[in-house]
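Please find one structure pasted underneath; my questions will follow.
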Amino acid sequence: MWEPRNPDFESVVRASFARQQHMATLGAELRHVSPGHVHISAPFSTAFTQQNGYWHAGAVASIADSASGYAAFSLAEAGTDVLAVEFKINLLAPARGESFVAEASVVRAGRTLIVCRAEVFGIVGSTRSHVATMLSTLIVR
Amino acid sequence: MWEPRNPDFESVVRASFARQQHMATLGAELRHVSPGHVHISAPFSTAFTQQNGYWHAGAVASIADSASGYAAFSLAEAGTDVLAVEFKINLLAPARGESFVAEASVVRAGRTLIVCRAEVFGIVGSTRSHVATMLSTLIVR
Amino acid sequence: MWEPRNPDFESVVRASFARQQHMATLGAELRHVSPGHVHISAPFSTAFTQQNGYWHAGAVASIADSASGYAAFSLAEAGTDVLAVEFKINLLAPARGESFVAEASVVRAGRTLIVCRAEVFGIVGSTRSHVATMLSTLIVR
Amino acid sequence: MWEPRNPDFESVVRASFARQQHMATLGAELRHVSPGHVHISAPFSTAFTQQNGYWHAGAVASIADSASGYAAFSLAEAGTDVLAVEFKINLLAPARGESFVAEASVVRAGRTLIVCRAEVFGIVGSTRSHVATMLSTLIVR
């Protein structure tokens, strides 16, 4: 649906993602990149848990924020960067899963501000459960 | 200002914090625990950076969320747990710093829901800069 | 998709809406009530404008908040009430329109907390433009 | 604390407020204007109530949003306008009161984006109760 302003959107998204050391630390991978849509997955690891053994909300927010940032970045003009201004996340259920995936989409792409939505799912075998939803604002620089 | 409902609030906060493996992974420490107020600090590490070498918004959110959770937990009754329902964070500046501190306070303590605010500062030498502000809702179970 | 817990959900939603004097003041009407989904529309009126002559963000938020509240209430048990805990709204474009419609849906329906999403559109003739998106948390009492 | 960029900040704030017909409809008044700080009050009226007879969350959000907008506008350069990008509000208690006041302050004033916080109090006689807290992002155009 979205028209990319940079024909090389996929390579700039992948190059920027590769520079996010936090994503490497989480073991996160880019699963899908299309104009306005990015999915990032990560395996469960006990290194990022909260007090009850589930993924910490900050880990859930990390992949949702990066997926949103790259969904926005996929629509940005060549030579710009995109930074998160703010986000709000609702934690719908404890973040249980063998792995997690954050699926982000652009809601509105202005010249200066881009609004994204992301859904995070916990995956056990072939079952996905909805663990979080994020609404965020990003700025193009 | 706040009256704790659990006289052992500090020990239950410290015990729960010690179980958050994500805090240990970030190198985070509890710096202050009083009724309704918790501070958590963490050193900068390249392991948690975004594409420009600053701390990732998800790392910033992680310490703000835990500080808020424990500020809320410090006011909860014995035998309960506190979980984040949702939070919203504004990223005020790139998260530059030799270390970071998240300072959380309870805004409203209901029987079921607790609302917290947290400020995150980046610290370089003796200078603190305001990098983020969070407003969150937590539930007592 | 959602199963109502109260077979009389539509009549309790309509009765509560009729008691919201703010909706009457805005000229708002319930357009759609089904389990987990409520639409509320309102005509443009200069009485609720901001400095540039568009609908004020508070008017936009008012119909989105009520639509979300009634989407949640449609799934609540008989004898309970639903109150908004918090909401976040992104204003995607100036609220231009001959009329507006807020379309709310439940994202998660817990026993205590319900999470909703709402989209607000400005309508001119047969054209709808997306003016706002809301993500909210409600409590069942 | 904040240095206004427009020496006529107060008159431009007052002129813009006077054009917000929604504020007149609510009976709202500008109570305080200083650089980065604006207070707006409004009387209770049954015209803006929800189902239980309290002020509707949308009315509460309306005065908090306008107060935040004018706190931001008080720091903007001459010849610009300020628009709300998004806001998040926590409703801390039912909006009871003979009148209400929203007190907004700028948290961060960038060239493009301004972040504000607002507190809304319900007033009965000489007693103020905290009914809502808002965190918002505005853009200078």
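When the chains are written out, they are named A, B, C and D in that same order, and each has its own residue count from 1.
The rule is simple: contacts are C-beta pairs under 8 Å (C-beta built on N, C-alpha and C of every residue); 3 or more make two chains touch, one makes a residue touch a chain.
What you see is a predicted model, and the numbers here were worked out from it, not measured in a lab.
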Which of A-D and A-C has more C-beta pairs touching across its chains: A-C
Of all other chains, the one whose Cα centre sits farthest from chain B: C
Geometric centre distance via CA averages, chain D-chain C, whole Å: 22
Euclidean distance of C-alpha centroids - chain A vs chain D, Å: 33
Whole-Å gap between the CA centroids of chain A and chain C: 28
For chain B, residues contacting two or more additional chains: 85-86, 88, 90, 115, 137
Parts of chain C lying in touch with chain D, wherever the complex brings them together: 16-17, 19-22, 25, 46-52, 56-59, 61-63, 65-66, 81, 83-91, 94
Residue ranges of chain D in contact with chain B within the complex: 88, 90, 92-93, 107-108, 115, 117, 130, 133, 135, 137
Residues on chain D engaged by chain A in the complex (per definition of touch): 85-86, 88, 112-113, 115, 137, 139
